[in-house]
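The following pair of complexes shares a single chain, chain A, combined with chain B in the former and chain C in the latter.
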Partner chain A sequence: MANLAYIVVIAAGAYTYAVLTIGPDTGNGGFQHYILGYQLPFFAAVIAAAAVGAGVGVLIGVTGLKRIRQDYQAMVMLVISIMAATVIGAAPSFLGGEPGISLVPNPFSNLSAVTGAWAYVAMVAFACLIGYLVLRKFTGGPMGRALRAMRDDEHAAAAMGFSVVRMRLLTQAVGGAFGGVSGALLVAFIGGWSPGAWAYVETLALLTAVIVGGMGNDFGVTLGTFVIAVLLLQGVQFLPQIRSHTGLTEALGWMVLGLLTIGFLWFRPQGVFRERRPKYRLRPDPTGDPSSGALAGRRG
Partner chain B sequence: MHLLVQSIGFGVAAGAVLSLGAVGFTLQFGISNVLNIAYGALMSIGAFLGLFMLGLGLNIWVAMVLGGLAVGACSVLLNRGLITPLVRKGMQPFGLVIVSVSAGIVLEYVIVAVAGPATQSYGNLSGATLNFLGWTLTTAQVVIFGIAVLLMVGLHLLLTRTQLGRAMRATSSNRTLARSCGIATSRISDIAWFMSGTFCGMAGIALAITIESFDFTLGSIFLIPMIAAAVLGGVGQPYGAMIGGLVVGVVSSVSSAYWDPAYQSVVAFGIIIVMLLVRPRGLFGSSSATRKLLA
Partner chain C sequence: MSAAPEDAPGSGRIAAPITAVESTESAGGPLLRLTDLVRQYGGVKAVDGVSFEIQPRTITGIIGPNGAGKSTVLTVASGFMPPTSGHIEFDGRDVTGLPMHRRARLGMVRTFQIARVFEGLTAIENLMVAVPQQRSLTLKGLVVGRRYWRSEEEEIQERAWQLMKTFGMADKANEKAGRLSGGQRRAVEIMRALMMRPKLLLVDEPMAGLNPKLTRELEEVLMTLREQGLSVLIIEHELDTVERICSEVLVMAWGKVIARGQMAELRTRREVQDAYVVG
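After this line comes the complex of A and B, so read on.
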């Protein structure tokens, strides 16, 4: 079950980071308005973003607990993501309204532009590595098996004694924390954030990355993200702009994205890299009695 | 008091457009059991087709009918070319939502590629203002309300008095049983998609007439109050959607008269969430289509 409101979590992280590091809104001539306005250090703000992301993730998850059909639930998620952007945009003094918040400080602003950018890349790469390791821990161990069981057959998992509600909310919280951090890292780099940056089409970009890469395969999703984000959405900027048609290249980018999603769901729903499932075999029993063998897990 | 009366009048006028859209949305869902998120994009296509025909010098009401029929054809193409093959391949409802979201985005950006991302307007077509029961409405609003009422009555007669309508209701309530009774359910499905698209295109043009300006996101923004109207009346129930449209229209119009209009769509959002958590089958009892929603 993909969360079509995931972009809201990313946005929550980005806004949290922005208002916690930017300083009071009377600065810069007071041209923008927002709440809080602290000047916390970088890491404190990122951790706060993770916490807020987790909280928003759980809130969204609660609406998903009601037992209704999948597609109905997906529709609700979409509505949540559109509405969140509308509400934030309509409230100018809460989080900057439609124009958003700009001049969010970059943690490497004391370095030169090029060095700063590369330092940022290094930091994000490091964050990705940590994220990957945490995720491995989460999906690899007993928790991961429980989660996979829940996804494949909820009733069976519940019958095995797992609390499906608790696990779902936990998943939402962990996913939310990841989203929050990613939003924080994004906004610290680009320096501004507004409802236009997280329109619901952005969710499609995330979804395409997951579908192309292969749902349930961490490596595939990472690769998918690179292909989608780097090649498609940024790459179209390097195509020559057709003078009479402003916005045509961006439109083409989104069209390719949509067609890619449909194409993959049609021809190769498992994605480029299929999910690698752990294989289980009977460990040979030292006493030679095959019936008393213990199940041994092996990732393969 | 005058403010209340006037805002109810505007709400009824807006609700007529909303009902048109919501009935189309819910009709198709009730029969083919697929949530079509691309509905919003189809609505935008309708609005832009209207703009194109207006540019050719056609009368706006003629354009509304032609645009509706054209969008109906698009809707059938969407069903035949994309949705039905995927359903036959055994795609799950959730996958179909993703497909229809993607299709909607592709269609929206086709509009951008053809007509550009700029904001468009039909110009002033509202006509003379009329005073009626303390309401001040434009002629265009009254005509749209009349068209909506006509279409609703027509739909009611179709569903209750004709063989086709009976077949549609049978397909909606139990597809397998309907097929074993000799109803060509895939043809009924096509007809439902066509009617849904026609309502959608007409609602798109009606909406573009009543608001000052629009761009390619017109339909996807309007999708939320339409979904709210459909959910309020019970998804898959045309009569529920008619009432739901009026209720959502009046409630959001009254709320925006007394509250910041920027929060108007919050009302629709609140209706969706509350209905979903409290009474997912909608206000009007449970039809088989809405019962199917409850896992």
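After this line comes the complex of A and C, so read on.
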């Protein structure tokens, strides 16, 4: 099932990182208000963001446990996403309200702007690599097989002895932890976070990345994320602005995104890189009895 | 659903013995016991006070007109839906409140009236996934990785190949299940259930859409499995099949069991004929 509230776990991670590193809200003249306000080291805050992301992910997953049709579940997710942003925006002393939290510290603030930015790029690239390797444990091998089976047919999976509840919450927790870390890394770089940064449409951008790249194909999804989320949505700000229509280039980015979603769902629903499954081979038995062959699996 | 005669899991080898069944060790008692089972949908009692027992190593058939409540009995027995009232005992244990996946792990495995395969997986993967408590799915398996679960995975693969060969589908092993024909999907579903080494197989019209040759082969498989210790509860419209394989037959109509016995004898009973004509 598509989790249309995924941006909420990213937001949870970002807020967690912010309030755990920024220091008390009496600083800077007390112009913003938020809870906690600790000054934890970078990595401690990122780990906390992962934990909070996992917890929020599980909470969101619980709402999907009710046996309702999957299209209704998608609506529930979307509503959760909108509600969360509205609630946070309406509570000014909880997480900064509508204006949000700014001046979130960057771990490389002691370096020069350019060096610090590149150091950050290197760190995020490393985090992506580690994340990819960890995720492979869930998407590949027998675990990936079981999760894909559950995706294809939950009832049949339950008939095969799988606890659908447990596996769903596991995926929500893992996905939530990844989202939490990504939110923390994002907010530590951009320095500020507010409900406007995590509107529900952001989830749709991520979903487009998955659809275009190829659902169920790790490489495809990675590439889709890079092309859609990075080049298309962030890249447009480097295009020349049309003076008479400020914001038009950003809007064009979103329009292209929408067209891509529709276009792929119509003409290539499997995405650029289709889901691939390992091929298994029946190796003939040396004794010559083909019915008791030794077996070898081969990745296809 | 219909399957063209050539779309086969059929190569004549289906009757070869299958190793994948555990013998049942329930101390003399029945394997499954349903007591006063009731299932209501709104105001309608789809199942209205059904009680029966299934002994180990037997094939029990349920027949009856459409809407008699046959599939509901199977659905409730498997845990897919809770009963409105009544009790279900499996292998000497009350399983009334257990969810379907827990019953499956105890050895009560169902198939669906319309075959449900995992379409994104290949045929052989559909079989290999059907071992829910495999090492690779544990936390230790995730952390330690392949060397913790490799040998078990190879054993699972070997069993899957044996079933694929027995059902004459080895050449379809790497085909995505979503691309298989109706008959092949049904075969995959039954093989998948057998991968779990069930004690009791609950099957809902497994012969529907199979050609006569394939039907006979599947009958052979079920009877072979029974000799190896499996029990089967089968809903079937094809009365000749029921007569050939079932040691006991329950006739259902209007949510109740109206007759039970051997098929040959039941055919002559008045109330059975009435149920089919009226129902």
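Basically, the second predicted complex is superposed on the first by the 281 of 300 C-alpha atoms of A that agree within 3 Å, B and C clash if a C-alpha of one lies under 4 Å from a C-alpha of the other, contacts with A are read in each partner's own complex, and residues count from 1 in each chain.
FYI, a contact is a pair of C-beta atoms (placed from the backbone, for glycine too) under 8 Å apart; a residue touches a chain by one contact, two chains touch by 3 or more.
These numbers were taken from a predicted model, which means no experiment stands behind them.
Undergrad: Chain B versus chain C on the shared chain A, clash or fit?
TA: Fit.
Undergrad: After superposition on the shared chain, which partner residues are touched by A:Leu103: those of chain B (first), chain C (second), both, or neither?
TA: neither
Undergrad: Would you sort A:Leu257 into first (chain B), second (chain C), both or neither based on which partner it touches?
TA: Touch partner of A:Leu257: chain B, not chain C.
Undergrad: Can A:Val124 be said to touch chain B (first), chain C (second), both, or neither?
TA: Neither partner.
Undergrad: Please indicate which partner A:Trp266 is in contact with in the superposed arrangement: first for chain B, second for chain C, both, or neither.
TA: A:Trp266: touches chain B, not chain C.
Undergrad: Which of the two partners, first being chain B and second being chain C, lies in contact with A:Val201: first, second, both, or neither?
TA: So A:Val201 only meets chain B here.
Undergrad: Just chain B (first), just chain C (second), both, or neither: which does A:Ile47 touch?
TA: It touches nothing on chain B or chain C.
Undergrad: Look at the residues of chain A and decide whether chain B or chain C touches more of them.
TA: Counting residues of chain A touched by each partner, the higher count goes to B.
Undergrad: Would you please give the vertex angle at the Cα centre of chain A, with arms pointing to the Cα centres of chain B and chain C, as a multiple of 10°?
TA: With chain A as the vertex, chain B and chain C sit 80 degrees apart.
Undergrad: When the two structures are overlaid on chain A, which partner does A:Ala159 contact: first (chain B), second (chain C), both, or neither?
TA: Touch partner of A:Ala159: chain C, not chain B.
Undergrad: Who does A:Leu36 touch here: chain B (first), chain C (second), both, or neither?
TA: After superposing on A, A:Leu36 lies clear of both chain B and chain C.
Undergrad: State the minimum pairwise Cα distance, in Å, between chain B and chain C in the overlaid complexes.
TA: When the complexes share the chain A frame, the smallest chain B-chain C C-alpha distance is 10 Å.
Undergrad: Give every residue of chain A touching chain C within the complex, in rising order.
TA: Against chain C, chain A makes touches at 137-138, 141-143, 145-146, 148-149, 151-153, 155-164, 216, 275, 277-280, 282, 291, 293-295, 297, 300.
Undergrad: Taking the complex as given, what residues does chain A use to touch chain B?
TA: So the residues of chain A touching chain B come out as 1-2, 4, 63, 66-76, 78-79, 82-83, 86-87, 89-91, 200-201, 204, 207-208, 211, 245-248, 250-252, 254-255, 257-259, 261-262, 265-266, 269.
Undergrad: Show which residues of chain B lie in contact with chain A when the two form their complex.
TA: For chain B paired with chain A, touching residues are 34-35, 37, 82, 85-86, 89, 91-99, 101-103, 105-106, 108-110, 112-113, 116-117, 220-221, 224, 227, 235, 260, 262-263, 265-266, 269, 272-273, 276-277, 280, 292-295.
Undergrad: Okay, in this complex, where on chain C does chain A touch?
TA: By the definition above, chain C touches chain A via 16, 78, 80, 99-102, 104-105, 109-112, 116-122, 124-126, 128-130, 132-134, 136-137, 141-142, 145-146, 149, 153-154, 157-158, 161-162, 165, 170, 173-174, 176, 189, 192-193, 196.
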